[in-house]
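Per-chain residue numbering starts at 1, and chain names A, B, C and D are given in the order in which the chains are listed.
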Amino acid sequence: MRLLVRHPSVTLEKITSRSEAGNAVAELFPNLRGQVDLCFSEPSADSYHDCDLVFFATPNTTAMSQAESLLEAGVRVIDLAADFRIKHIPTWEKWYGATHACPALVEEAVYGLPELNREQIRGARLVANPGCYPTSVILGLLPLLANQLIEPGSIIADCKSGTSGAGRKASVGSAFCEVTESVKAYAVQGHRHLPEIREVLQTLDAGVDLVFTPHLMPMIRGIHSTIYADARGDADQVQSLFEDYYRDEPFVDVMPAGSHPETRSVRGANICRLAVHYLDAAKKFVVLSVEDNLVKGAAGQAIQNMNLMFGFDETAGLEAPGMMP
Amino acid sequence: MRLLVRHPSVTLEKITSRSEAGNAVAELFPNLRGQVDLCFSEPSADSYHDCDLVFFATPNTTAMSQAESLLEAGVRVIDLAADFRIKHIPTWEKWYGATHACPALVEEAVYGLPELNREQIRGARLVANPGCYPTSVILGLLPLLANQLIEPGSIIADCKSGTSGAGRKASVGSAFCEVTESVKAYAVQGHRHLPEIREVLQTLDAGVDLVFTPHLMPMIRGIHSTIYADARGDADQVQSLFEDYYRDEPFVDVMPAGSHPETRSVRGANICRLAVHYLDAAKKFVVLSVEDNLVKGAAGQAIQNMNLMFGFDETAGLEAPGMMP
Amino acid sequence: MRLLVRHPSVTLEKITSRSEAGNAVAELFPNLRGQVDLCFSEPSADSYHDCDLVFFATPNTTAMSQAESLLEAGVRVIDLAADFRIKHIPTWEKWYGATHACPALVEEAVYGLPELNREQIRGARLVANPGCYPTSVILGLLPLLANQLIEPGSIIADCKSGTSGAGRKASVGSAFCEVTESVKAYAVQGHRHLPEIREVLQTLDAGVDLVFTPHLMPMIRGIHSTIYADARGDADQVQSLFEDYYRDEPFVDVMPAGSHPETRSVRGANICRLAVHYLDAAKKFVVLSVEDNLVKGAAGQAIQNMNLMFGFDETAGLEAPGMMP
Amino acid sequence: MRLLVRHPSVTLEKITSRSEAGNAVAELFPNLRGQVDLCFSEPSADSYHDCDLVFFATPNTTAMSQAESLLEAGVRVIDLAADFRIKHIPTWEKWYGATHACPALVEEAVYGLPELNREQIRGARLVANPGCYPTSVILGLLPLLANQLIEPGSIIADCKSGTSGAGRKASVGSAFCEVTESVKAYAVQGHRHLPEIREVLQTLDAGVDLVFTPHLMPMIRGIHSTIYADARGDADQVQSLFEDYYRDEPFVDVMPAGSHPETRSVRGANICRLAVHYLDAAKKFVVLSVEDNLVKGAAGQAIQNMNLMFGFDETAGLEAPGMMP
C-alpha cells in the first residue's frame, strides 16, 4: 500500500481482512493516515470482480482456492504467497503439507521474476510472486549459470534475513526481546524456499543442487545472501559478465569489483544489489546479494510484475532510492 | 538528495565537500547509485552563482560567511544550520561561541517554519531552516499559545531523539556499541535549541519560558517530544482547537483524542504527527509530537521551504508516506 | 534464576508453570543450560510447603489467592506482581479491576524498597516487590522530599522503559518490527504505577502529587526517569544532600554534579544510578534516574529483599557490575 | 575488568593507557563505578614488574615489543592481540604488514585455546589468546577433524559478528547509524583470522583449507559461525562424537540434535555453544557455533587461560550464565 498509493496508474479499490473488517486501514498502518481512506472489508467470493487485479498477500493455500473464479471473472492475479511458485505438484504438496486445489493453474502461472521471465509475465493472467530468499539467491546465480561458470551441484547459499519476513503477528519468537541483539540459523534441515530455488535454477541447468541456510538477523528489513560455488574453468571475465548480464535491468545493480553491498543501501527500494568475488586459491565464487525482503523480495517485485502485466512503465511507482540512514 | 532526486522541478547541479572532493556521491551514499551521478566538488566562492538555490547543510558558522555574496549574485539560500535562526545576536553569540559575521542578514532571514511564517517564506531570499527539536516542540505548542490555553512560563519539553541528529562523523559517542540498548539525557543544563524555541514562541506570547531536556534514543530517525504545560481556564475544546488550527496544513497531522503517536509512523516522511491530552486532576496538557528529525526536522522542511520560495506545489517531492515497518 | 543460581545461600527447589509443565527450564532459557537442571512443574496448593520462600513472578491477582495458605504453612513470600503494593484497597481495586482477595495481608505486607523500609523488610513474612517505574522514580525523589526541597504537588516523571517490562508473551505490540526504531508514549491518561508511586511518596509528604508518563524505548533493558519538580527554597546543597542520603546504600549510586547517567551502565546490575541537576532560571530540579528494570526494578530487588528477610549479606548474589557494552 | 573484579584470586594492580592516563577507569566505564577505583596510568617499561601477569589488550605489534622484558622480569603474559598467534613468521608478517620483533617468543608462545592446548597452557609463560572468529570456527571443527569425518579442503566458514569486535574507537564505519538495521560482508578476499584458523587446524590435518567470510551484524556482542564441510564416510555418530569430545569441557556446550543456538544465549558468558547438523542429500555437515566474541572470543578465554597458568580452578570468575534477555 505504501508503494501503491504513489503509483500513477493505480487506484486502491478494496482491502480485505477477516480479522480487521470494519477498521480503517490507517489505524493499523498509521503511516498511511491521510493517504489511504479505505476500511478493511470482509473478503467474499465476488467482491473483487470489478477489480483489474488482485494481490494475494495471504497465508499459503488461500490464493489457490480463489484464483480460478477470479480469473474466470477476468480479474488478473498476483499471489505473493507460495501457492503457484512450484511447478512440481508433489514437491509443493510435500513442503506445504496440503493437497493443491488447482494444479492446472500452477501450470499456467508464471514465476514472477522479471529478470528471468519478463516476456511471459507481460501476457500472464496469474503470476506467482517469488519468495524473498529465492529472489536474492537466483539473481545472484543467474549470470554464473547462464555462462556455465560453476559446478551446478556445489552451491551453498548462506542467507541472512531481517525479521519482517515473518509477517505481522503475535508470537513469542518475533518479540523484540527475543530477536534483538542475537543471531540464529533456522530450518537448517530444510526450508520451503529450497525447493523453489532449486526448481527455478534447474530450468537453467538440470544439475543444480544447493545447500540453503536461512538466518534471522536483528533488523527489520533486508536479506543478505552469501552464495558460494565452485568455479568451472576460467573466472577472469566474471565481473564484466555480471555487468553485461544485468546492463539493461532497472532493478539489479552490479557493484564494482571488490565491493561489499550493505542491506541498508536498498532499504525501501526495489533493488537487488550484487557483488561478485572470485577466490583464486579456493577456485570459488562468492556472490554477495542484498535486497529489501519486503520490496524486491515481495511487494515491490509484485508491482514490477503488475507494471509488466498492464503495460505500464516497468519502473512506475518504484523509482525512489533506498532510505539511508 | 534522496528527496531532491525525485522532485519534479529540481535538478541537482553541484554538491560540494572539501574532504570528499573528487569522490562520487554514490560512493558515500550507495543508496543513490544510479540516481545521482555527481561527484563532490571543492566549494569555491563563485561556484554556485549559476544555481537558483543553495542549501547549506554545513557546520554552524559556515553559511554566515558565504550567504551575502550568494544573495548578491541572485542566488537564494536555505541554511539548515543555525546561523540565521536566532534574531537576538547576543543570544546567538553566547550559545554558538562565535561573533556573527552578518547581523544584517539575520534580520532579513525568515525562520522557515511554514506553519508559522508561510507568507514571509514565499518572498524570502534567505531562509533559516528550523532545528529538529524546535520544529517538533513549536508545532506542538502553537495551538495552545495561539488560543492562550496555557501558562506560558510553565512549559516542560522532554524530547527524545534518534542518533542521526548528530550527523555522520567519527566519534566514540556515536558508535553503535555506545548508543544501542541505552538511553541517556544530555545537555540538561542547556542546549542550543532552547534559546531558539524560546525566541520563536515569545513572538506568540512574551511570557513564554520553558525547560527543555533532550535525550538520546537507540534508533536512527525520529524525535518524540512530550510537552507539559499548565492549563489556563477551560480545556474542553482542545482537541477541536488542534484540529481546526492545523486543518489546512499538509504536513501536520492531528490524531484522534487519546492517541499515542509513534515515531516510526513518520519515518522518512515530512510529517509532524500530534496528539493532545488533558490531565484533568493535574490541570495540565500533555502534547505528544513526533517527526522524522531528518525530514520534517531538517531536509524535508527545507524542501517545503524551497517549494514555497519558488512557487512550486508545497507538497512537491514530499508526498511519500512514512516507511512502516 | 540467572541471579539465583549464583547466590551462595540459595537452592532452587521448584519452578512452576502451567503452560510449560514438564519442559526443562533450560529449554525456555538456553542461557541456563548446565546451570539449572529443573523442569517446570504444575503449581499446586501445597507444592511449596517445604520451601522457605516463594517468589511470585505471576500475573496480577495470582499471589493474593495463594499467599495466605503459604504464610500459614510458614513459607515466606515475595510478590513481584502488584497484589500487595497499594495499601488503599479501593484504589487498588479501581486500577486493577478486581476485588482484592485478602485485604488483611495487604496491611501486613511490607513495600519492598530497602532504601525506604529496610528494617520492616528484615522481619517481614510478605514483601510486595515494587514496580519498575516506582523504584526508579521514588529513589530519585526520596532525598528531595526528605529534605523538603520541592513543592510536593509539582512533580512530573517522564519515564522511558525498555520493552522487557512487558514480559515474555506473544503480542503484536511487542514484536521486533513494531518496537525497534521507534519511540512512543503510552497510558498518558493513567498507568497503574501512578497510584503506587503517589501512595508511597505521600508517606513522606501528604501533599505529593505527580504527572507520570511512561514511554516505550527500542531496547531490551533499562528505565530512564527524568523527574522534574519545582524547588522550594535554597538548592545549593542538593548534590551533597543526595550523596549523604545514599552514602551507605549499596545499590544507589549518586553521580558527580553535572552527570548524565546511561541505562547501559546498569545493564544486568542491581543499581539505581542518579544525577541531580538544578536549573537556576527555572527554579526546578531535574533528577535523572536509571536502573535495569529487570534487576533493581524487579528480580534483583526481590533478591535484595530476600537477603534482608533471611539475614544474608544484603549484597549476596548481587555484586556483579553492569555489562558494558 | 568486568570479569576480573569478581575473580576470587585476582587483584587489579594497574591499568595503563596513554590517551587516558590520569582519568579514572570508572569514568570511561561507568558500569565499574564502585567496583574499580584505579586511574589509568602511563605505560612504562618497568611499571608491570611487580605484577604476576600482564594482559595486553592493545593494538597488534604492541605486545611483541614488550613481552621479552616482562618475561625476563618474571612476569607472565597473555596477549589478546595477534602478535603471537601465528607460528609461521612470514605468514604473520604478510598479513600484519610488519616485521616481527621477537620470532623466538612466537615459538615459545602457546596458542591459548584450552580445548586444544590445555596442558601446554598450564606451564606457559606466554599465551597467545585466540582471535574471536578462530575460537568459534576451530571449536566447531575439532570433533570433525579429530575423527576424520570431513574432507579437510572443503570447509566454508560463514561467520557473523557483532560490532564490538572492532573495539571502542571513533570511526564513521562503527557509528550507530551506519551499523544498525543493516548487514554486510567484509574482507571477502581475505581476513587476518583466515591464516590463524588454517594454521591451527592444519596441526590436526595437514590438508585443511577453508573459505572464511566475516559479516558485520547490527548487534553488540556475539559471533555465529555457520560452518560447512563435505562428509567423508559415515555421519551417523556425529552427534554422540561431538558430545563425547566435549563431555568434560566446562565451556563448550553441545546442544541436542536438531538445535539452532542463538548468540544471545551466551551473552556475557564464557561459553561456546554448538549444534551439528548432517545434510543427507548434500552429504555435508553444517555446524552452528555461537559465542560472545568479547568473552569466550576474547577476555573470558584470557581469564580461562590465566586460571590454567596459575593453577586456579579453570572456571573461577567465569561461572555466570549468559544474560537473557
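Quick notes
Keep in mind that, in the parts below, a residue touches a chain if its C-beta (ideal position, glycine included) is under 8 Å from a C-beta of that chain, and two chains touch if they have at least 3 such contacts.
None of the values given here were measured: they were computed from a predicted structure.
The set of chains touching chain C and also touching chain D is given as A, B.
Chain pairs B-D and A-D differ in how many C-beta pairs they share in contact, with the greater number at A-D. Each chain gets one centre point, the mean of its Cα atoms, and the points for chain A and chain D are 38 Å apart. Computed centre separation for the pair chain B/chain D is 46 angstrom, with centres defined by C-alpha atoms. Multi-chain contact residues of chain D (touching two or more other chains): 164, 168, 177-178, 180-181, 218-221, 261-262, 264, 267, 325. By the touch rule above, chain B contacts chain C in their complex via residues 156, 158, 160, 162, 177-178, 180-186, 188-189, 209, 211, 213, 215, 217-222, 224, 226, 228, 258, 260-264, 267, 277, 279, 281-282, 284, 286, 288, 290, 325. Residue ranges of chain B in contact with chain A, taken from their complex: 2, 5-6, 29-35, 164, 168, 180-181, 220-221, 253, 255, 261-262, 264-269, 273, 319-325. The residues of chain D lying in touch with chain B in their complex are 163-164, 168-172, 174-181, 218-220.
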